[in-house]
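One structure, as structure tokens, below. Some questions next.
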Amino acid sequence: MAVDVVRVALVGQGYVATIFAWGLCKLKKGEIEPWGVPLADVDFGVPVEDLEIAGSVDVDERKVGKSLREVAPMYGLSPEPELGEVVVAPGLKLRSTPGFIRTKALDDSKPLADAYGAFEEWLDDVKPDVVVDVTSTVASSPLYSWREVEEKAYRGDLPHSQVYAFLVLRHGRSSYVNLQPAYVACSPAFVEKARENGLLVLGDDGATGATPLTVDLAEHLKERNRRVLSIAQFNIGGNTDFLALTEPERNLAKENTKSGFLKDILGYEPPHFIRPTGYLEPLGDKKFVSMHVQWVSFGGFTDELVVNMRINDSPALAGYIVDLARLAYALAKAGLRGTVPEVNRFYMKRPGPLDARHTSKIQAYREMLGLLEEKLGARLRAKPLSA
Amino acid sequence: MAVDVVRVALVGQGYVATIFAWGLCKLKKGEIEPWGVPLADVDFGVPVEDLEIAGSVDVDERKVGKSLREVAPMYGLSPEPELGEVVVAPGLKLRSTPGFIRTKALDDSKPLADAYGAFEEWLDDVKPDVVVDVTSTVASSPLYSWREVEEKAYRGDLPHSQVYAFLVLRHGRSSYVNLQPAYVACSPAFVEKARENGLLVLGDDGATGATPLTVDLAEHLKERNRRVLSIAQFNIGGNTDFLALTEPERNLAKENTKSGFLKDILGYEPPHFIRPTGYLEPLGDKKFVSMHVQWVSFGGFTDELVVNMRINDSPALAGYIVDLARLAYALAKAGLRGTVPEVNRFYMKRPGPLDARHTSKIQAYREMLGLLEEKLGARLRAKPLSA
Amino acid sequence: MAVDVVRVALVGQGYVATIFAWGLCKLKKGEIEPWGVPLADVDFGVPVEDLEIAGSVDVDERKVGKSLREVAPMYGLSPEPELGEVVVAPGLKLRSTPGFIRTKALDDSKPLADAYGAFEEWLDDVKPDVVVDVTSTVASSPLYSWREVEEKAYRGDLPHSQVYAFLVLRHGRSSYVNLQPAYVACSPAFVEKARENGLLVLGDDGATGATPLTVDLAEHLKERNRRVLSIAQFNIGGNTDFLALTEPERNLAKENTKSGFLKDILGYEPPHFIRPTGYLEPLGDKKFVSMHVQWVSFGGFTDELVVNMRINDSPALAGYIVDLARLAYALAKAGLRGTVPEVNRFYMKRPGPLDARHTSKIQAYREMLGLLEEKLGARLRAKPLSA
Amino acid sequence: MAVDVVRVALVGQGYVATIFAWGLCKLKKGEIEPWGVPLADVDFGVPVEDLEIAGSVDVDERKVGKSLREVAPMYGLSPEPELGEVVVAPGLKLRSTPGFIRTKALDDSKPLADAYGAFEEWLDDVKPDVVVDVTSTVASSPLYSWREVEEKAYRGDLPHSQVYAFLVLRHGRSSYVNLQPAYVACSPAFVEKARENGLLVLGDDGATGATPLTVDLAEHLKERNRRVLSIAQFNIGGNTDFLALTEPERNLAKENTKSGFLKDILGYEPPHFIRPTGYLEPLGDKKFVSMHVQWVSFGGFTDELVVNMRINDSPALAGYIVDLARLAYALAKAGLRGTVPEVNRFYMKRPGPLDARHTSKIQAYREMLGLLEEKLGARLRAKPLSA
């Protein structure tokens, strides 16, 4: 049945990318169930089996030159033989790569223009249908015009994520999924360029853990007209993503995508403190989240809610990539261009395009299914979606 | 502007009913905000100001004969003068009233038939548009035919809630809102009788605390295809509602309405232990809820979530009554008959009619708004609903 | 260095006993650290290496006749070769064995007196220095005289735990450690008999999880003169210990040992609801505990504390057995007779003898160390204890 | 019975000092119970009734010149008439007063030497037996010699807390209780000067909330030889104490006193993240604390504990002051000089003198009672302490 092949390139071969590659491999061999893949039961024309990892990029000297089979055990995962076919190529470190990474990068010694050229050669080689950015979090600003993008890129003033988006979209043959907090699907310049080239940019910042739950919780409270007095939320973890967030400007970038929804959902912005807060190595990838919410109920009484979670951070996003790579491909093929807010609103913390309204995730899910039904004839495995 | 008056009769003048009466009084005087009233910002033609408490019934000898102004301080509420106009009339105790209540009831000495007649006289007198049942939880079974209802009612084999529904619907001039776990909106016999008489029955069991949150949480997990391994949920409180639930069969009645949604939302029924568990007097009406959920994420990793709440139990339901009394009135006036699943699915733990499918509460809210827009021309205070 | 051998017999080869046997084996081989063994760093003359499992008894037909090497994998544990030497012998089921166990027991067909005789032959054979009861929880009452014990034992009116204690103490060559809620160290008749025979009885009901933590928490609050308003505590698990507790009278037996300390520690008994509450299979041996405590602070303000735990139930008690078997042996050898409240107060939920006062566990620990120093010349690995 | 009067001066008339003054007033009138006063039931010769507030100092222009009766309502407390007798005098702002306070201070315009002189006149006037520092948190370093103290004080290089300690101890007639994180009882120079002058310095940083609980929890785990893998602790509140902690160096000062005990209690320092983390105004003085601890149990299994609290921050410390003012007075009178580690270890986060070992709080309490019994003949209200 699977006639297509969707070629996926991973930029940032870290925890998320590696669990994705490993899990995809196990899924295709039927060794695991597709838990954590939101659309596993929805048939929209691109089965999971069609996905193929075509290439990988990183700048960590311990990974560059290694195959994914060698990378998997760094994350406690079994070295599946099929992973041996993909080797990590060197990427662009720029000034935004975290300082704790010893790099082996295209721009280690070459001038920027040459390094960019080398990256384009890699694109020529790998021919990805979809490029997925799961590099370390960076701080950034929205980019409004392509000229601005070009100038800043060559001056070295863009963080790596925006440079990758620039090079991939200029190259013009791959759609782009940005899963980190950089402004990519929320940069009008990138969305416009994708539109021109008949491509899609999805993003920004995958919504996997406490944030989307808080969105739905906020909607739940709003629908009962309960007045939220305050929200405190702490996240602490022991993976390198949290380590990178110990740098204040990265932390702030994350903080922004974590609390942007409040006004849209509630209609007002309650006092809040919502943050990834710290790095604690023994927690590993299973972060600890604690949240306190209080609100006013009928008659002026105050209720309180505390949520505590232990969440495997990276698998949650890896499961989304199984969908997002397929959706970017299928929707572009179906003629959509630029970006797809119906998809972003479900999967992302700061759904593109810039200033797209947030809705509850539960509502976003329904609206996305509607779009998939309309554009791709999507249906539940056994029965029509609308049933 | 308020041209109508909606006459509401309260059956069971306990914590919920008293906070409702007191809060309504404060709302009408503009002394509190309508927090906790879900549709406070939706204009569907019946403003809160139209509500009027026309009568009240109880069987507790400490309340019968007292005005609501005298009852309010029993719950720590201020004795608003306007509450002086409503006096608690004696109701029907039957065999289902909790044993810890010393009763003063119509059937204390009279034969049942006479007691029922006396209750109908009270209905003639009070002329309610809507009767709201917030009596103590009872165990019951669905009733399928009116003949069965009549026979059992006269044999004394029905719990009080079903007897009240029987008498009110036979009387034929009031819609009925059942907020406790008894099978009323989930008894085909009552819904059918309401339909014949051009009335509505809404119910059963208000969904105010952990249950509706768990419904939305389950939907949240389902949409991400996370496999729920188990759910444990404890509720403990210090009000007489929890005291009544220390009787095993009442507890079971509640347990059933608390976990009925799992199959519908998740598509399978995960192992669960979901219960009101105990009575602990110092907690008062602010119950403590603890919930543990674990699920499988992508790649086979197990995540965990713990929710702890302190929730003011009775205000939450009181806020719903402000909507439900208005909706029962408005929708019946607009020509709906029998019951309204779109309303029940949002407000109720076991939405009528019998075997109505559960949906997420967030989705139910949207569907209810759609119905209100269509049938009642509802709009947000300032703008059309669909905006 | 280890000159002695302490022969330990296990009665009830369930989760606790099996983790104990497996862990002891791994400890002796130096393959695990002695985490969870309270006195691992205290040298009181009997090193862990001296412990030897001499025998095992159960009534579950799936275990009787199997070696511990075959039993270990039933609990997900590796089949260590050394465990092959101990084979599970049939015990006495009486009327107290949980109904969900299909039994193979000495009293399956034999009259009681014969079955008791057979058990004594097993004792002759195994020659334990210490017998440890980790059978399923039973309900029981304190026994005051030996005559009462004998009469009831032969009439079949004692639960299995008290029968085992009766037979072992009458046999007169083994000390006895009772880790389940039955009244054994809290039965004056057993303590008296042990005293006569120069033996020790330690018990009752190991204090491993939320209970000892709550004891220390209560002491913590008491020392600050904070007034406890209420305590709610739920325990839910998926092992057969929790399954057995779904029978109300067993649950009550456990509930009693779980809340007995309040009056002794606080000086008053605050309203409380402290219970093992339910069985939920997917939780396995890692139980979920939720606790809510509220108190009055200076000036009349109310504080709240919520504790949530995921605790591996059986390993915690298994670690205690490593100490208790050694202590029972060493203290008896040092001339102590009857029971040792200083030991019981630290390790047990209802420390014997009957009506022994509870103290905080932290204080009990100090007092136990004092006793060990005095009676056994105990010292920390490197330095005197009192340092 | 109360023959003495203990004159207490408060430095920093904030939340803690005001609840203390108000609560003491209510206690003396018998209008509240002494909950939250640790030694309320211990008679050591100075009953609560002997305490008298002799003076108060602050630098907030909204308080200076006002009576405590006018200050109480700023914290939602009733304006007890007796509080009218104490008027807030201006203190020394130096460079350490938080920037968000608009000050009215002795050193607003005067040179430092003159301002110090003015403060000493105030001491002459007020004649306190005990001075209590509850000013805003400051960062500081230990001071080793009196000469160093003097030089830095006159150069303006000491934070206000160390300047107050300098002036009070030089003045030589009052003992000193430091309840904030500044190095005072942990500055050898101050302890030495107190010793010379026959006075006491108690401190530093009151241990009221999560910290002392964590100390006892750590001891609890240590005694069972459970290996702590990690501890994460967040504190967030809405009082000005938390507002002051948003300045990084103050936050760090607090962080240090919050985690200093780990090594002493556990014998090793597990990875930890223990912090006051943020300011969230609607939480008010009732802070939210969340803590995650994980450890290894017997056999290598990992357990987890989560603690969530809502704690009234300031009342907890206010209750301690009722003891500490009396103890400083009584113990100095009984001939103790310098500092009293037995007292500090129970009440303080970083018990003086510098590098005093931490013990569990439960143990510290016993040791303190022993000292009080020995030096002051202390006894429980009704019976000897040792009973």
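For clarity, chains are labelled A, B, C and D in written order, and residue numbers in each chain start from 1.
FYI, a contact is a pair of C-beta atoms (placed from the backbone, for glycine too) under 8 Å apart; a residue touches a chain by one contact, two chains touch by 3 or more.
Only a predicted model underlies this, so the values are computations on that prediction, with no experimental measurement involved.
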Practice item. Going by residue numbers, if over half of the contact pairs line up, that's a repeat, so tell me which of A-B, C-D or B-C repeats A-D. Key: B-C
Check your understanding: Farthest from chain C in C-alpha centre terms, which chain would that be?
Key -> A
Point to revise | Between chain B and chain A, distance of the C-alpha-averaged centres to the nearest whole Å | key: 43
Practice item. Could you please state the distance in Å, as a whole number, between where the Cα atoms of chain B are centred and where those of chain D are centred? Key: 51
Practice item. Find every residue in chain C that makes contact with two or more other chains and list them. Key: 304, 306, 308, 310
Exercise for review: Would you mind writing out the residues of chain C in touch with chain D in their complex?
Suggested key: 19, 22-23, 26, 32-41, 212-213, 216-217, 219-220, 223-227, 286, 295-312, 315-316, 318-319, 322, 346, 360-363, 365-366
Check your understanding: Quick one: in the complex, what on chain D touches chain A?
Key -> 229-230, 232, 234, 236, 238, 270-273, 275, 277-283, 288, 290, 292, 294, 304, 306, 308, 310
